[in-house]
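Presented sequentially are two complexes of chain A, the first with chain B as partner and the second with chain C.
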Partner chain A sequence: MGDTLIIPGRYDRIQQACQFVAAGAAQAGLDDTAVFHVELACDEACTNVIEHAYGAEDVGQIRLSWEVQAGRFVITIHDNGRSFDPDEVPVPIPEDVANGTSDFPRVGGLGVHFMRKLMDEVRYQFEDDGNTLVLVKVIE
Partner chain B sequence: MAIQQESLHGDVWLVRADGRLDQSQTPLLETALNQLLDDGRTVLIVDLSQASYINSGGLRCLVSAWRRAKQQDGDVLLCGLNDRLQEVFTMVGFDKVFQIHPTLIAAQRAVKKGK
Partner chain C sequence: MSETNLNVTTEIFKRAVLVKASGRIDSSNAAQFDAALKDVLAGGHENIVLDLSEISYMSSAGLRAIVAAHRECAKKKGSLVLAAPSERVSEVFSLAGLDSIFTVYDDVTAAVGSF
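Presenting the complex of A and B:
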(Lines of atoms letter the chains of each structure in order from A and count residues from 1; the text may use other names and numbers.)
(Lines give C-alpha, C1' and ligand atoms only; values in the text may rest on other atoms or scores of the structure.)
Protein backbone atom coordinates (compact mmCIF):
# COMPACT_ATOMS: atom_id res chain seq x y z
CA MET A 1 0.00 0.00 0.00
CA GLY A 2 1.41 3.36 -1.03
CA ASP A 3 1.45 6.20 -3.56
CA THR A 4 3.62 9.01 -4.94
CA LEU A 5 2.85 12.61 -5.93
CA ILE A 6 5.07 15.31 -7.42
CA ILE A 7 4.03 18.96 -7.09
CA PRO A 8 5.72 22.22 -8.07
CA GLY A 9 7.13 24.09 -5.09
CA ARG A 10 4.32 26.60 -4.77
CA TYR A 11 2.25 27.55 -1.71
CA ASP A 12 -1.01 27.12 -3.59
CA ARG A 13 -0.13 23.47 -4.32
CA ILE A 14 0.54 22.51 -0.69
CA GLN A 15 -3.13 21.80 -0.03
CA GLN A 16 -3.01 19.18 -2.81
CA ALA A 17 -0.03 17.56 -1.07
CA CYS A 18 -1.88 17.62 2.26
CA GLN A 19 -4.97 16.03 0.72
CA PHE A 20 -2.78 13.37 -0.88
CA VAL A 21 -1.17 12.28 2.40
CA ALA A 22 -4.43 12.69 4.34
CA ALA A 23 -6.19 10.33 1.91
CA GLY A 24 -3.33 7.85 2.32
CA ALA A 25 -3.45 8.13 6.09
CA ALA A 26 -7.19 7.46 6.13
CA GLN A 27 -6.70 4.50 3.80
CA ALA A 28 -4.00 3.20 6.14
CA GLY A 29 -6.48 3.24 9.03
CA LEU A 30 -5.39 6.31 11.01
CA ASP A 31 -8.20 8.00 12.96
CA ASP A 32 -9.44 11.54 12.21
CA THR A 33 -7.16 13.21 14.74
CA ALA A 34 -4.09 11.38 13.43
CA VAL A 35 -5.07 12.23 9.85
CA PHE A 36 -5.22 15.91 10.85
CA HIS A 37 -1.76 15.61 12.46
CA VAL A 38 -0.35 14.06 9.29
CA GLU A 39 -1.92 16.79 7.15
CA LEU A 40 -0.51 19.61 9.29
CA ALA A 41 2.97 18.02 9.46
CA CYS A 42 2.99 17.65 5.66
CA ASP A 43 1.90 21.29 5.28
CA GLU A 44 4.75 22.48 7.51
CA ALA A 45 7.28 20.26 5.74
CA CYS A 46 6.33 21.51 2.26
CA THR A 47 6.29 25.13 3.50
CA ASN A 48 9.82 24.66 4.87
CA VAL A 49 11.00 23.23 1.55
CA ILE A 50 9.76 26.31 -0.33
CA GLU A 51 10.94 28.81 2.31
CA HIS A 52 14.31 27.31 3.24
CA ALA A 53 15.47 24.68 0.73
CA TYR A 54 14.33 26.49 -2.43
CA GLY A 55 14.17 29.98 -0.90
CA ALA A 56 11.17 30.99 -3.04
CA GLU A 57 8.23 29.61 -4.98
CA ASP A 58 8.63 28.02 -8.44
CA VAL A 59 12.26 27.06 -7.91
CA GLY A 60 11.86 23.28 -7.85
CA GLN A 61 9.57 20.33 -7.32
CA ILE A 62 8.55 18.43 -4.21
CA ARG A 63 8.15 14.66 -4.39
CA LEU A 64 5.94 13.07 -1.75
CA SER A 65 5.29 9.43 -1.19
CA TRP A 66 3.58 7.45 1.51
CA GLU A 67 3.60 3.79 2.43
CA VAL A 68 2.61 1.51 5.26
CA GLN A 69 5.48 -0.35 6.91
CA ALA A 70 4.85 -2.72 9.80
CA GLY A 71 2.04 -0.74 11.41
CA ARG A 72 3.62 2.62 10.64
CA PHE A 73 2.43 5.27 8.18
CA VAL A 74 5.61 6.58 6.55
CA ILE A 75 5.77 9.79 4.49
CA THR A 76 8.89 10.64 2.48
CA ILE A 77 9.31 14.19 1.16
CA HIS A 78 12.16 14.96 -1.21
CA ASP A 79 13.39 18.21 -2.73
CA ASN A 80 16.43 19.31 -4.75
CA GLY A 81 17.05 22.53 -2.85
CA ARG A 82 19.94 23.55 -0.65
CA SER A 83 20.42 21.66 2.58
CA PHE A 84 19.26 23.26 5.79
CA ASP A 85 19.29 21.99 9.33
CA PRO A 86 15.82 22.42 10.83
CA ASP A 87 17.22 21.93 14.30
CA GLU A 88 19.08 25.23 13.98
CA VAL A 89 15.83 27.19 13.78
CA PRO A 90 14.90 28.25 17.32
CA VAL A 91 11.50 27.21 18.62
CA PRO A 92 9.58 30.20 20.01
CA ILE A 93 8.88 30.09 23.74
CA PRO A 94 5.33 31.31 24.45
CA GLU A 95 6.38 33.36 27.49
CA ASP A 96 9.03 35.15 25.41
CA VAL A 97 6.50 35.79 22.65
CA ALA A 98 4.07 37.21 25.22
CA ASN A 99 6.62 39.56 26.80
CA GLY A 100 8.14 40.59 23.48
CA THR A 101 11.63 39.12 23.97
CA SER A 102 11.24 36.40 21.32
CA ASP A 103 12.29 36.95 17.70
CA PHE A 104 9.14 35.11 16.64
CA PRO A 105 7.38 35.72 14.24
CA ARG A 106 10.38 37.20 12.37
CA VAL A 107 12.48 34.08 12.68
CA GLY A 108 9.77 31.43 12.68
CA GLY A 109 10.62 27.95 13.90
CA LEU A 110 7.14 26.68 14.55
CA GLY A 111 6.98 24.37 11.55
CA VAL A 112 9.70 22.03 12.81
CA HIS A 113 8.21 22.15 16.30
CA PHE A 114 4.82 21.11 14.88
CA MET A 115 6.34 18.20 12.97
CA ARG A 116 8.07 16.87 16.06
CA LYS A 117 4.94 17.25 18.19
CA LEU A 118 2.57 15.74 15.64
CA MET A 119 4.58 12.79 14.35
CA ASP A 120 6.16 9.82 16.13
CA GLU A 121 9.40 10.10 14.19
CA VAL A 122 11.05 12.87 12.12
CA ARG A 123 14.28 12.19 10.19
CA TYR A 124 16.28 14.38 7.81
CA GLN A 125 18.88 13.31 5.29
CA PHE A 126 20.99 15.74 3.29
CA GLU A 127 22.64 14.29 0.19
CA ASP A 128 24.06 15.51 -3.11
CA ASP A 129 20.71 15.16 -4.85
CA GLY A 130 18.83 17.16 -2.22
CA ASN A 131 17.00 16.77 1.06
CA THR A 132 14.84 13.90 2.21
CA LEU A 133 12.49 14.19 5.14
CA VAL A 134 10.84 11.11 6.61
CA LEU A 135 7.77 11.52 8.82
CA VAL A 136 6.34 8.52 10.64
CA LYS A 137 3.00 8.08 12.41
CA VAL A 138 2.35 4.85 14.26
CA ILE A 139 -0.99 3.25 13.31
CA GLU A 140 -2.72 2.44 16.58
CA MET B 1 -11.03 31.99 2.24
CA ALA B 2 -13.13 35.07 2.96
CA ILE B 3 -12.37 37.97 5.28
CA GLN B 4 -15.11 40.22 6.63
CA GLN B 5 -14.66 43.30 8.77
CA GLU B 6 -17.21 45.01 10.96
CA SER B 7 -17.11 47.90 13.38
CA LEU B 8 -18.45 47.05 16.82
CA HIS B 9 -19.26 49.40 19.68
CA GLY B 10 -16.51 51.40 21.31
CA ASP B 11 -14.06 51.43 18.39
CA VAL B 12 -13.62 47.67 18.56
CA TRP B 13 -13.31 45.94 15.19
CA LEU B 14 -14.38 42.44 14.32
CA VAL B 15 -12.54 40.44 11.66
CA ARG B 16 -14.09 37.18 10.50
CA ALA B 17 -11.79 34.69 8.77
CA ASP B 18 -13.35 31.69 7.03
CA GLY B 19 -11.76 28.57 5.60
CA ARG B 20 -8.10 27.61 5.72
CA LEU B 21 -5.51 29.82 7.39
CA ASP B 22 -2.58 28.39 5.46
CA GLN B 23 0.36 29.78 3.51
CA SER B 24 -1.64 30.67 0.42
CA GLN B 25 -4.69 32.14 2.19
CA THR B 26 -3.23 33.86 5.26
CA PRO B 27 -1.92 36.92 3.34
CA LEU B 28 -5.57 38.06 2.96
CA LEU B 29 -6.02 38.08 6.73
CA GLU B 30 -2.61 39.70 7.21
CA THR B 31 -3.56 42.55 4.87
CA ALA B 32 -6.87 43.12 6.65
CA LEU B 33 -5.32 43.17 10.12
CA ASN B 34 -2.45 45.42 9.06
CA GLN B 35 -4.86 47.85 7.40
CA LEU B 36 -6.91 48.16 10.58
CA LEU B 37 -3.78 48.62 12.70
CA ASP B 38 -2.43 51.20 10.24
CA ASP B 39 -5.71 53.08 10.66
CA GLY B 40 -5.27 53.16 14.42
CA ARG B 41 -7.82 50.42 15.19
CA THR B 42 -5.97 48.64 17.93
CA VAL B 43 -8.63 46.51 19.60
CA LEU B 44 -9.48 43.68 17.24
CA ILE B 45 -11.55 40.55 17.73
CA VAL B 46 -10.75 37.81 15.24
CA ASP B 47 -13.67 35.41 14.88
CA LEU B 48 -12.37 32.01 13.78
CA SER B 49 -15.64 30.10 14.15
CA GLN B 50 -15.75 29.48 10.39
CA ALA B 51 -12.02 28.75 10.07
CA SER B 52 -11.37 25.07 9.49
CA TYR B 53 -7.56 24.92 9.60
CA ILE B 54 -4.49 26.85 10.71
CA ASN B 55 -0.78 26.24 10.23
CA SER B 56 2.33 28.01 11.54
CA GLY B 57 1.95 30.75 8.92
CA GLY B 58 -1.53 31.54 10.23
CA LEU B 59 -0.21 31.66 13.79
CA ARG B 60 2.63 33.93 12.69
CA CYS B 61 0.16 36.35 11.14
CA LEU B 62 -1.97 36.50 14.29
CA VAL B 63 1.04 36.93 16.58
CA SER B 64 2.37 39.76 14.39
CA ALA B 65 -0.95 41.59 14.65
CA TRP B 66 -1.17 40.90 18.39
CA ARG B 67 2.30 42.31 18.91
CA ARG B 68 1.56 45.46 16.86
CA ALA B 69 -1.70 45.99 18.75
CA LYS B 70 0.00 45.56 22.13
CA GLN B 71 2.66 48.12 21.17
CA GLN B 72 -0.20 50.58 20.68
CA ASP B 73 -1.92 49.66 23.99
CA GLY B 74 -4.46 47.55 22.13
CA ASP B 75 -5.14 43.84 21.84
CA VAL B 76 -6.09 41.10 19.42
CA LEU B 77 -8.59 38.68 20.93
CA LEU B 78 -9.65 35.41 19.34
CA CYS B 79 -12.97 33.61 19.51
CA GLY B 80 -14.84 30.59 18.15
CA LEU B 81 -11.92 28.20 17.68
CA ASN B 82 -12.93 24.65 16.80
CA ASP B 83 -11.23 21.71 18.53
CA ARG B 84 -8.54 21.38 15.84
CA LEU B 85 -7.57 25.05 16.02
CA GLN B 86 -7.64 24.99 19.80
CA GLU B 87 -5.30 21.97 19.73
CA VAL B 88 -2.84 23.84 17.50
CA PHE B 89 -2.79 26.92 19.77
CA THR B 90 -2.36 24.75 22.87
CA MET B 91 0.37 22.64 21.24
CA VAL B 92 2.65 25.66 20.95
CA GLY B 93 1.49 27.44 24.10
CA PHE B 94 -0.11 30.34 22.24
CA ASP B 95 -3.29 29.80 24.23
CA LYS B 96 -1.30 31.61 26.93
CA VAL B 97 -0.37 34.48 24.62
CA PHE B 98 -3.83 35.30 23.27
CA GLN B 99 -7.09 35.89 25.04
CA ILE B 100 -9.19 33.10 23.51
CA HIS B 101 -12.94 33.17 24.06
CA PRO B 102 -15.53 30.55 23.13
CA THR B 103 -17.90 33.05 21.50
CA LEU B 104 -17.93 36.55 20.04
CA ILE B 105 -20.21 37.71 22.85
CA ALA B 106 -17.71 36.48 25.45
CA ALA B 107 -14.89 38.29 23.63
CA GLN B 108 -16.91 41.51 23.51
CA ARG B 109 -17.66 41.22 27.23
CA ALA B 110 -13.94 40.78 27.94
CA VAL B 111 -13.11 43.92 25.94
CA LYS B 112 -15.73 45.94 27.85
CA LYS B 113 -14.44 44.62 31.16
CA GLY B 114 -10.87 45.53 30.26
CA LYS B 115 -11.75 49.17 29.59
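Presenting the complex of A and C:
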Protein backbone atom coordinates (compact mmCIF):
# COMPACT_ATOMS: atom_id res chain seq x y z
CA MET A 1 0.00 0.00 0.00
CA GLY A 2 1.45 3.36 -1.02
CA ASP A 3 1.52 6.16 -3.56
CA THR A 4 3.70 8.97 -4.92
CA LEU A 5 2.93 12.55 -5.96
CA ILE A 6 5.19 15.21 -7.44
CA ILE A 7 4.16 18.85 -7.16
CA PRO A 8 5.86 22.09 -8.19
CA GLY A 9 7.30 23.98 -5.23
CA ARG A 10 4.50 26.48 -4.93
CA TYR A 11 2.45 27.44 -1.89
CA ASP A 12 -0.80 27.04 -3.80
CA ARG A 13 0.03 23.38 -4.50
CA ILE A 14 0.64 22.42 -0.87
CA GLN A 15 -3.03 21.79 -0.23
CA GLN A 16 -2.94 19.17 -2.98
CA ALA A 17 0.01 17.50 -1.21
CA CYS A 18 -1.87 17.60 2.09
CA GLN A 19 -4.96 16.03 0.53
CA PHE A 20 -2.77 13.35 -1.05
CA VAL A 21 -1.21 12.25 2.26
CA ALA A 22 -4.48 12.68 4.16
CA ALA A 23 -6.21 10.31 1.72
CA GLY A 24 -3.38 7.82 2.17
CA ALA A 25 -3.54 8.13 5.94
CA ALA A 26 -7.27 7.47 5.95
CA GLN A 27 -6.75 4.49 3.63
CA ALA A 28 -4.08 3.20 6.02
CA GLY A 29 -6.59 3.26 8.87
CA LEU A 30 -5.54 6.35 10.84
CA ASP A 31 -8.38 8.02 12.74
CA ASP A 32 -9.62 11.55 11.95
CA THR A 33 -7.36 13.25 14.49
CA ALA A 34 -4.28 11.39 13.25
CA VAL A 35 -5.20 12.21 9.64
CA PHE A 36 -5.36 15.90 10.61
CA HIS A 37 -1.96 15.61 12.28
CA VAL A 38 -0.46 14.04 9.17
CA GLU A 39 -2.01 16.72 6.95
CA LEU A 40 -0.68 19.57 9.12
CA ALA A 41 2.81 18.03 9.39
CA CYS A 42 2.93 17.64 5.60
CA ASP A 43 1.81 21.26 5.16
CA GLU A 44 4.57 22.51 7.46
CA ALA A 45 7.19 20.31 5.79
CA CYS A 46 6.32 21.46 2.27
CA THR A 47 6.19 25.10 3.39
CA ASN A 48 9.69 24.73 4.83
CA VAL A 49 10.95 23.19 1.58
CA ILE A 50 9.79 26.24 -0.37
CA GLU A 51 10.87 28.79 2.25
CA HIS A 52 14.21 27.33 3.24
CA ALA A 53 15.44 24.59 0.90
CA TYR A 54 14.39 26.36 -2.32
CA GLY A 55 14.22 29.86 -0.84
CA ALA A 56 11.33 30.86 -3.12
CA GLU A 57 8.43 29.48 -5.14
CA ASP A 58 8.90 27.86 -8.56
CA VAL A 59 12.52 26.88 -7.91
CA GLY A 60 12.04 23.11 -7.87
CA GLN A 61 9.70 20.20 -7.33
CA ILE A 62 8.62 18.37 -4.20
CA ARG A 63 8.19 14.58 -4.34
CA LEU A 64 5.93 13.03 -1.74
CA SER A 65 5.47 9.34 -1.11
CA TRP A 66 3.51 7.47 1.52
CA GLU A 67 3.57 3.81 2.45
CA VAL A 68 2.55 1.55 5.27
CA GLN A 69 5.39 -0.32 6.96
CA ALA A 70 4.72 -2.65 9.89
CA GLY A 71 1.87 -0.67 11.38
CA ARG A 72 3.47 2.68 10.64
CA PHE A 73 2.32 5.32 8.16
CA VAL A 74 5.52 6.62 6.57
CA ILE A 75 5.71 9.82 4.50
CA THR A 76 8.86 10.64 2.54
CA ILE A 77 9.30 14.20 1.25
CA HIS A 78 12.15 14.92 -1.10
CA ASP A 79 13.40 18.17 -2.65
CA ASN A 80 16.45 19.23 -4.66
CA GLY A 81 17.12 22.40 -2.69
CA ARG A 82 19.92 23.40 -0.35
CA SER A 83 20.40 21.64 2.96
CA PHE A 84 17.71 22.37 5.52
CA ASP A 85 18.05 20.32 8.68
CA PRO A 86 15.01 20.66 10.94
CA ASP A 87 17.12 19.59 13.91
CA GLU A 88 19.06 22.84 13.59
CA VAL A 89 15.95 24.97 13.95
CA PRO A 90 15.44 26.19 17.52
CA VAL A 91 12.06 25.62 19.13
CA PRO A 92 10.35 28.98 19.65
CA ILE A 93 9.40 29.83 23.23
CA PRO A 94 5.75 30.95 23.35
CA GLU A 95 6.39 33.92 25.66
CA ASP A 96 9.17 35.14 23.38
CA VAL A 97 6.89 34.76 20.38
CA ALA A 98 4.17 36.81 22.05
CA ASN A 99 6.40 39.63 23.25
CA GLY A 100 8.40 39.86 20.05
CA THR A 101 11.81 38.68 21.23
CA SER A 102 11.53 35.54 19.09
CA ASP A 103 12.14 35.78 15.37
CA PHE A 104 9.26 33.35 14.78
CA PRO A 105 7.30 35.61 12.43
CA ARG A 106 10.20 35.48 9.97
CA VAL A 107 11.57 32.00 10.49
CA GLY A 108 9.41 28.93 10.27
CA GLY A 109 10.71 27.37 13.47
CA LEU A 110 7.20 26.65 14.57
CA GLY A 111 6.58 24.44 11.56
CA VAL A 112 9.43 22.16 12.61
CA HIS A 113 8.12 22.19 16.16
CA PHE A 114 4.70 21.14 14.84
CA MET A 115 6.18 18.24 12.88
CA ARG A 116 7.98 16.96 15.98
CA LYS A 117 4.83 17.24 18.10
CA LEU A 118 2.42 15.79 15.55
CA MET A 119 4.45 12.83 14.30
CA ASP A 120 5.95 9.87 16.15
CA GLU A 121 9.21 10.13 14.27
CA VAL A 122 10.94 12.78 12.15
CA ARG A 123 14.10 11.83 10.24
CA TYR A 124 16.18 13.99 7.95
CA GLN A 125 18.92 13.28 5.44
CA PHE A 126 20.80 15.53 3.01
CA GLU A 127 22.59 14.01 0.02
CA ASP A 128 23.91 15.31 -3.28
CA ASP A 129 20.44 15.34 -4.80
CA GLY A 130 18.80 17.27 -1.96
CA ASN A 131 16.87 16.85 1.27
CA THR A 132 14.83 13.84 2.30
CA LEU A 133 12.48 14.18 5.24
CA VAL A 134 10.73 11.10 6.65
CA LEU A 135 7.67 11.57 8.84
CA VAL A 136 6.22 8.57 10.66
CA LYS A 137 2.85 8.14 12.37
CA VAL A 138 2.15 4.91 14.22
CA ILE A 139 -1.17 3.34 13.21
CA GLU A 140 -3.02 2.61 16.47
CA MET B 1 -6.89 26.39 -4.80
CA SER B 2 -5.32 29.28 -2.90
CA GLU B 3 -6.77 32.66 -2.07
CA THR B 4 -10.31 31.66 -2.95
CA ASN B 5 -10.19 29.43 0.13
CA LEU B 6 -10.06 32.40 2.50
CA ASN B 7 -12.56 35.18 3.00
CA VAL B 8 -12.07 38.01 5.51
CA THR B 9 -14.71 40.57 6.51
CA THR B 10 -14.62 43.35 9.09
CA GLU B 11 -17.31 45.00 11.17
CA ILE B 12 -16.60 48.03 13.33
CA PHE B 13 -18.12 48.16 16.81
CA LYS B 14 -17.81 50.97 19.33
CA ARG B 15 -14.78 49.57 21.17
CA ALA B 16 -13.44 46.87 18.87
CA VAL B 17 -13.28 45.68 15.29
CA LEU B 18 -14.70 42.27 14.51
CA VAL B 19 -12.61 40.43 11.92
CA LYS B 20 -14.30 37.32 10.61
CA ALA B 21 -12.16 34.87 8.68
CA SER B 22 -13.73 31.97 6.81
CA GLY B 23 -12.18 29.00 5.05
CA ARG B 24 -8.63 27.77 5.24
CA ILE B 25 -5.48 29.68 6.27
CA ASP B 26 -2.19 28.23 5.08
CA SER B 27 1.02 29.41 3.45
CA SER B 28 -0.79 30.05 0.14
CA ASN B 29 -2.98 32.79 1.57
CA ALA B 30 -1.40 33.81 4.90
CA ALA B 31 -0.08 36.99 3.28
CA GLN B 32 -3.65 37.91 2.31
CA PHE B 33 -4.80 37.27 5.90
CA ASP B 34 -1.86 39.24 7.31
CA ALA B 35 -2.65 42.17 5.01
CA ALA B 36 -6.29 42.19 6.13
CA LEU B 37 -5.25 42.39 9.78
CA LYS B 38 -2.69 45.10 9.03
CA ASP B 39 -5.38 47.11 7.23
CA VAL B 40 -7.51 47.04 10.39
CA LEU B 41 -4.57 48.18 12.50
CA ALA B 42 -3.68 50.89 10.00
CA GLY B 43 -7.24 52.17 10.35
CA GLY B 44 -6.43 53.31 13.86
CA HIS B 45 -8.01 50.42 15.73
CA GLU B 46 -6.26 48.75 18.66
CA ASN B 47 -8.85 46.19 19.78
CA ILE B 48 -9.62 43.24 17.53
CA VAL B 49 -12.00 40.33 17.93
CA LEU B 50 -10.92 37.59 15.55
CA ASP B 51 -13.86 35.34 14.75
CA LEU B 52 -12.42 31.95 13.79
CA SER B 53 -15.68 30.01 13.91
CA GLU B 54 -15.62 29.36 10.16
CA ILE B 55 -11.93 28.56 9.82
CA SER B 56 -11.74 24.88 8.99
CA TYR B 57 -7.95 24.60 8.91
CA MET B 58 -4.98 26.72 9.91
CA SER B 59 -1.24 26.08 9.70
CA SER B 60 1.58 27.93 11.45
CA ALA B 61 1.51 30.43 8.58
CA GLY B 62 -1.84 31.66 9.90
CA LEU B 63 -0.47 31.80 13.42
CA ARG B 64 2.33 34.10 12.28
CA ALA B 65 -0.19 36.67 11.08
CA ILE B 66 -2.28 36.43 14.25
CA VAL B 67 0.77 36.72 16.52
CA ALA B 68 1.99 39.75 14.55
CA ALA B 69 -1.41 41.44 14.90
CA HIS B 70 -1.54 40.52 18.60
CA ARG B 71 1.78 42.27 19.11
CA GLU B 72 0.68 45.38 17.22
CA CYS B 73 -2.49 45.62 19.30
CA ALA B 74 -0.43 45.34 22.49
CA LYS B 75 1.90 48.09 21.30
CA LYS B 76 -1.15 50.33 20.93
CA LYS B 77 -2.32 49.38 24.44
CA GLY B 78 -5.13 47.33 22.97
CA SER B 79 -5.63 43.61 22.52
CA LEU B 80 -6.60 40.91 20.08
CA VAL B 81 -8.94 38.19 21.35
CA LEU B 82 -10.18 35.04 19.66
CA ALA B 83 -13.79 33.96 19.26
CA ALA B 84 -15.14 30.47 18.68
CA PRO B 85 -12.14 28.61 17.25
CA SER B 86 -12.88 25.05 16.23
CA GLU B 87 -11.29 22.13 18.03
CA ARG B 88 -8.76 21.74 15.20
CA VAL B 89 -7.81 25.43 15.23
CA SER B 90 -7.57 25.43 19.03
CA GLU B 91 -5.20 22.49 18.77
CA VAL B 92 -2.92 24.53 16.50
CA PHE B 93 -2.68 27.28 19.14
CA SER B 94 -2.06 24.63 21.77
CA LEU B 95 0.66 22.93 19.72
CA ALA B 96 2.45 26.26 19.50
CA GLY B 97 2.08 26.80 23.25
CA LEU B 98 0.15 29.97 22.49
CA ASP B 99 -3.19 28.92 23.99
CA SER B 100 -2.29 30.57 27.31
CA ILE B 101 -1.28 33.82 25.64
CA PHE B 102 -4.53 34.48 23.79
CA THR B 103 -7.88 35.16 25.44
CA VAL B 104 -10.48 32.89 23.85
CA TYR B 105 -14.25 33.38 23.97
CA ASP B 106 -16.85 30.79 23.09
CA ASP B 107 -18.80 33.20 20.91
CA VAL B 108 -18.48 36.55 19.17
CA THR B 109 -21.00 38.34 21.39
CA ALA B 110 -19.00 37.59 24.51
CA ALA B 111 -15.76 38.56 22.78
CA VAL B 112 -17.04 41.92 21.52
CA GLY B 113 -18.68 42.55 24.89
CA SER B 114 -15.36 42.05 26.67
CA PHE B 115 -14.11 45.45 25.45
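The rule we apply is simple: the second predicted complex is superposed on the first by the 139 of 140 C-alpha atoms of A that agree within 3 Å, B and C clash if a C-alpha of one lies under 4 Å from a C-alpha of the other, contacts with A are read in each partner's own complex, and residues count from 1 in each chain.
The rule is simple: a residue touches a chain if its C-beta (ideal position, glycine included) is under 8 Å from a C-beta of that chain, and two chains touch if they have at least 3 such contacts.
This structure is a prediction, so every number in the text was calculated from the model and none was measured.
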Identify whether chain B and chain C fit side by side or clash on chain A in the overlaid structures.
clash
Between chain B and chain C, whom does A:16 touch in the aligned arrangement: first, second, both, or neither?
second
Identify the residues of chain A that lie in both the chain B contact region and the chain C contact region.
11-12, 14-15, 36, 40, 43-44, 47, 50, 92-95, 97-98, 100, 104-105, 108, 110-111, 113-114, 117-118
So, in the complex, the side of chain A touching chain B is made of residues 11-12, 14-15, 36, 40, 43-44, 47, 50, 92-95, 97-98, 100, 104-105, 108, 110-111, 113-114, 117-118
Chain C contacts chain A in the complex at 1-2, 5, 24, 26-28, 57, 59-61, 63-64, 67-68, 70-71, 88, 91-92, 95-98, 100-101
For chain B, which residues are in contact with chain A within the complex?
20, 22-24, 53, 55-57, 59-61, 63-64, 67, 70, 84, 88, 91-94, 96-97
With touch defined as at the start, can you tell me which chain A residues reach chain C in the complex?
11-16, 36, 39-40, 43-44, 47, 50-51, 92-95, 97-100, 104-105, 108, 110-111, 113-114, 117-118
